[in-house]
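There's a structure below that I have some questions on.
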Amino acid sequence: MREILHVEKLSAGYGQAMVLHDIGFSLGEGRSLALLGRNGVGKTTLVNSLIGVTRRTAGTIRLGGADVTGFGPEKRARAGIGWVPQERNIFRSLTVLENLTAVARPGPWTPARVFTMFPRLGERRGNMGDQLSGGEQQMLAIGRALVLNPKLLLLDEPTEGLAPIIVEELLKALRDIFRAEGLAAIIVEQHARKILKITDDALILERGRVVHRAASAALVEDADTLQGFLGVARAAA
Amino acid sequence: MNMASPTTPLPAAGTAANAATAAGTAANVASPATAPDTASPARALLRRRRAWKPAEFLFWGAALLAPLALPRSMLLMNEIAILGLFALSLDLILGYAGIVSLGHAAFLGVGAYAAGLFALNVSADPLAGLVVAMLAASVLGFLTSFLVLRGTDLTRLMVTLGVALLLFEAANSWRSLTGGADGLQGIAMDPVLGLFDFDLKGRTAYFYSLAVLFLLFLAARRMMGSPFGLSLRALRDNRLRASASGVGVNGRLVLVYTLAAAYAGAAGGLLAQTTQFVSLDVLEFHRSADLMLVLIIGGTGWLYGGLIGAVLFELFQDVVSAATPQYWQFWVGLLLVVFVSGGREAVHKAGAALRQRVAALFGGRRP
Amino acid sequence: MNAPVLETIGLVKRFGGLLATNNVSFRLERGARHALIGPNGAGKTTFVNQLTGVVKPTEGQIRLEGRDITGSRPEARVRLGMSRTFQINQLFRTMTPLEMLLLVLGEREGRGLRFWSRLDARGDLVDEAAAIAARFRLDDAIDTTIATLSYGKQRQLEIAAAFAARPRVLLLDEPAAGVPEAERQDLLNIVADLPEDVSVLLIEHDMDLVFRFATRITVLVNGTVIADGEPAAIAADPAVRAAYLGEGEDA
Amino acid sequence: MLTILFDGVAYGMLLFILASGLAVTLGLMNFVNLAHGSFAMAGGYVTVVLMQRYGMGFLATLPVAFLVPALIGAVLERTLYRPLYDKSHLDQVLFSIGLVFMSVAAVDYFMGSQQQLVHVPSWLQGRFDVAGVGIGRYRSFVIAVCIVIAVLLQFVLTRTRFGSQLRAAVDDQRVARGLGIEVGTLFTLTFAIGSGLAGLGGALGAEMLGLDPTFPLKFMIYFLIVVTVGGRAGLIGPFLAALLIGVADVAGKYYLPQAGAFIIYAVMILVLLIRPQGLFAAAR
């Protein structure tokens, strides 16, 4: 199996604040990885460091064998990373369709195909980005990453703030994307159990370090580990 | 009499200066020669910070003695003193309180016209005229201070620029009062304190301006070293934290803006009285822009920046405009571009060691 | 005796259609060590911003020691005895720690308009500032420009400055965020050593810190308080587990 | 009366073309470029030089009056402007004032300080009457050109991929870059087009506004007013503001000559205080 992403000894943060320390992991072609951990442990910072919008102090990032450590974000995106940012960050003065066409690159994923997958977006293609509901924004953010036709998809808390029924719908769509397309993906999620069901592997972060790695299927059964690293109970207790 | 004061150290400053030299660099050793309550190193630290540094005495001593060395340049020196006072005024709001302004000439102009009109119509006494100039400018400062409280830096830049342009238009249109483009002519001043007549060589003018500058500088130094001055720096550094520390933001800004206006008014008053002429030029945009350059050259937030900037700016202008008078603006522009595009950092970096030493001598701090 | 030092009654905040704070009634007891936790986007920051006066609530009341402060300006609340730290450092970067502490002390004593007084005119305040610096392990950095301090030291100063206002209520917003391991212990000790008569509300993600420090925990999810109680009870609460692990409807 | 209105509209249209580049750099990219007028002046002098020294026709010089400032703009953006994007507004202001001063003095040095006359072709001179209202030919021409440009601009901004990428970059630069949009190139191009339009405006306006080395200083405040009063959300606000100011200024100078620019400045201050986001900006 070919390696899509290889991260080695990565340390990064914002300004003077250091958030990530010595992160290392790799991801194979078509594999999906759940990135778990409580609030503020550095999950989003890790995703942002992969796309290149944090301050990196050490380490390397290789994408499909090529060293992209020195690349700016736009170059990394072109090298094959599709990003669904945490706050969704829909371009609000663009229509739904423009949000897709402005970033689209040639490949199997086209705006039309996104509209087939999320019919509701198709119905609202003429609406401005800031007129969408939370769920629609999330679908658009995912669609916008897909039309980049990336090798690797980064999803930062895609279900946050959505109604349960929309979460189900979205997770189903994501599972289909992961399984059917053979697209590698990293997905950040606070709600571990839901996401473990649709991913292959999992990493748990704590205070900016990788503290646990496991196959998703095994981890979902491991209540003690989950509670210890992710629940509210004291880790040591 | 007030001309002698620069070399006469204030008693408090004198002892503090001794303490400063005695205590050396170690933060926790208080000199036994100082007052008994210096057991606390923190108190000694503060006292040393505010003490007069040798370089400060040197600076003012040089200013006082300069006419001996260059007796023919006293008109230029007078201009430097006035520009220095004007820059000091901008430093109060920009360097200490962080309020940006592109229209500081408004206060210079109001001060100049007030002093000129007062001399023509009421009394030719310089000191009374100076007070009137400061009052007039501070009234305008107080009224317009409310315009700079809200909005972003960009809004402030535009609003201050707008106010200055408005005043320019007003002065231009209201010919009966200001003389329009001809300006106020025929101003003749009485002797300063009834003793010193204004002469053609500018001797009285220079010493008069220098004395006013020095006294206002002393007051500014005291005020910026006070709890009030500290709270202004707090506002400049971080408004959010300042208000979370209990600083009433708007009140402080109104006060310092009014204060700075009064200082600029004094500079305008001096200009009118010592040149015995006021024209629309005092309200022109380039006055405000040049002033920015003066402060950039000298650095903001340590009071001496404006003064040193004024010296360098005027000397530079004197040299350059002797060569190419009508293209002087080109060099001002070039300096601005170079300074903002990294020249400032380069200069500061190159002279880092020197700067540190100078800053230590002056007791100021530059951000 | 049992009156809370800080209390909100039916607090509601709407941003457009979004309900960021949903009818929150919250009590901070005198001398409490109280933690406020919740997943991202739970509305913790909005809640704190209403407590400190940065954001105005849509409905409801905030009371500080029985006094209604719902409409007070931020600086007035500081004078009434409530101060805060910020999640992202908000410091006077060109000052020294000594000057920053003196500023806070001066404002506390109502000296902020004294334009002719000297900074060291009140020696007792200077000594107090030095003592606070020592308490927060900043005594070796008292005369260093703040911008050049290490991040951990800056975090310590962030708390010291809030503490210097001599608050009865202290709000700590993620005090340990971004602090490197080497400086972390200092910071935890400082938080643990805060005097008992100061009531502390801690907003934090780090469960180690929360469970080491707090004697009471409130859990906020989607702007609503879903649990409030002692740490053991919170840890066992099924609604809280669901909120944190995504258990619940499908578990 | 109607003639004044017409002249005002022509003046306003011209202001819009002159300021449209600033509407993008200041309004959308949030960069305060007070030197915008220097690019306009460059365009004006390109036309003057080409006509006087090389005998080119007025119309033929217009494309060059666009291209030369656009090129200068692109080079300056790449070298000097870009490092200032994330500096304070004060630094941007000082830097661009510096450029203004330099350009004023440089043009004075090379071209002299006198007013430059641009002779428009004879078929554009004079007036014709429509229902008793005197309509200047040249002003009609200016209005027509400006309408074409305004429509074109609005089309590019709202209907093309370039426009949507630009709006995306302005909405959220960080995310736009993270999604592969070449924000740097986009901004250079935008800056160049804005400078070019200013140049074109300078060339078109030389006959109506006059052209001498102090042009950038004289009109600096007008451009700023157009953008700040118009609001910084798009081009329609500045367009309306430019028309308003054009008509108000022409009418003011006709009916209340003593007041000078007084009213315009006062209105600007008032608008900034009451609606800092501008008159026509949509509330976000």
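For reference, chains read A, B, C and D in written order, and residue numbers begin at 1 within each chain.
By definition in this document, a contact is a pair of C-beta atoms (placed from the backbone, for glycine too) under 8 Å apart; a residue touches a chain by one contact, two chains touch by 3 or more.
Since the structure is predicted, the reported quantities are computational estimates derived from the model, not experimental observations.
Placing every chain at the mean of its C-alpha atoms, the farthest one from chain C is found to be D.
Averaging C-alpha coordinates per chain places the centre of chain A 56 Å away from that of chain B. Centres computed as Cα averages put chain B at a distance of 41 Å from chain C.
In whole angstrom, the spacing between the mean C-alpha positions of chain C and chain D is 50. Chain A and chain D, compared by their mean Cα positions, are separated by 43 Å. Within chain C, contacts with two or more other chains are made by no residue at all.
Multi-chain contact residues, meaning those touching two or more other chains, do not occur anywhere in chain D.
Of all residues in chain B, none touches two or more other chains.
If you draw each protein chain as a dot and join the dots that touch, you get one closed loop, with every dot joined to exactly two others. Chain pairs that touch one another: A-C, A-D, B-C, B-D.
The residues of chain D lying in touch with chain B in their complex are 32, 80, 83-84, 87-91, 93-95, 97-106, 108-109, 113, 217, 221, 224, 228, 258-262, 265-266, 268-269, 272-273, 276. Residue ranges on chain B touching chain C, taken from their complex, read 27, 37, 40-43, 45-47, 50, 222-223, 225-231, 233-234, 236-238, 240-249, 251-252, 255, 301, 365, 367. Here chain B touches chain D in the complex through residues 100, 102, 147, 150-155, 157-159, 161-163, 165-166, 169-170, 172-173, 285-286, 289, 292-293, 296, 326-330, 332-342, going by the rule given at the top.
Against chain C, the residues of chain A that register as touching in their complex are 13-14, 16-19, 21, 38-41, 157, 160-161, 164, 189-195, 207, 226-227, 230-237. Chain C contributes residues 37, 39-41, 151, 154, 174, 177-181, 205-208, 210-212, 217, 219, 222, 231, 234-236, 240-241, 244-247, 249-251 to its touches with chain A in the complex.
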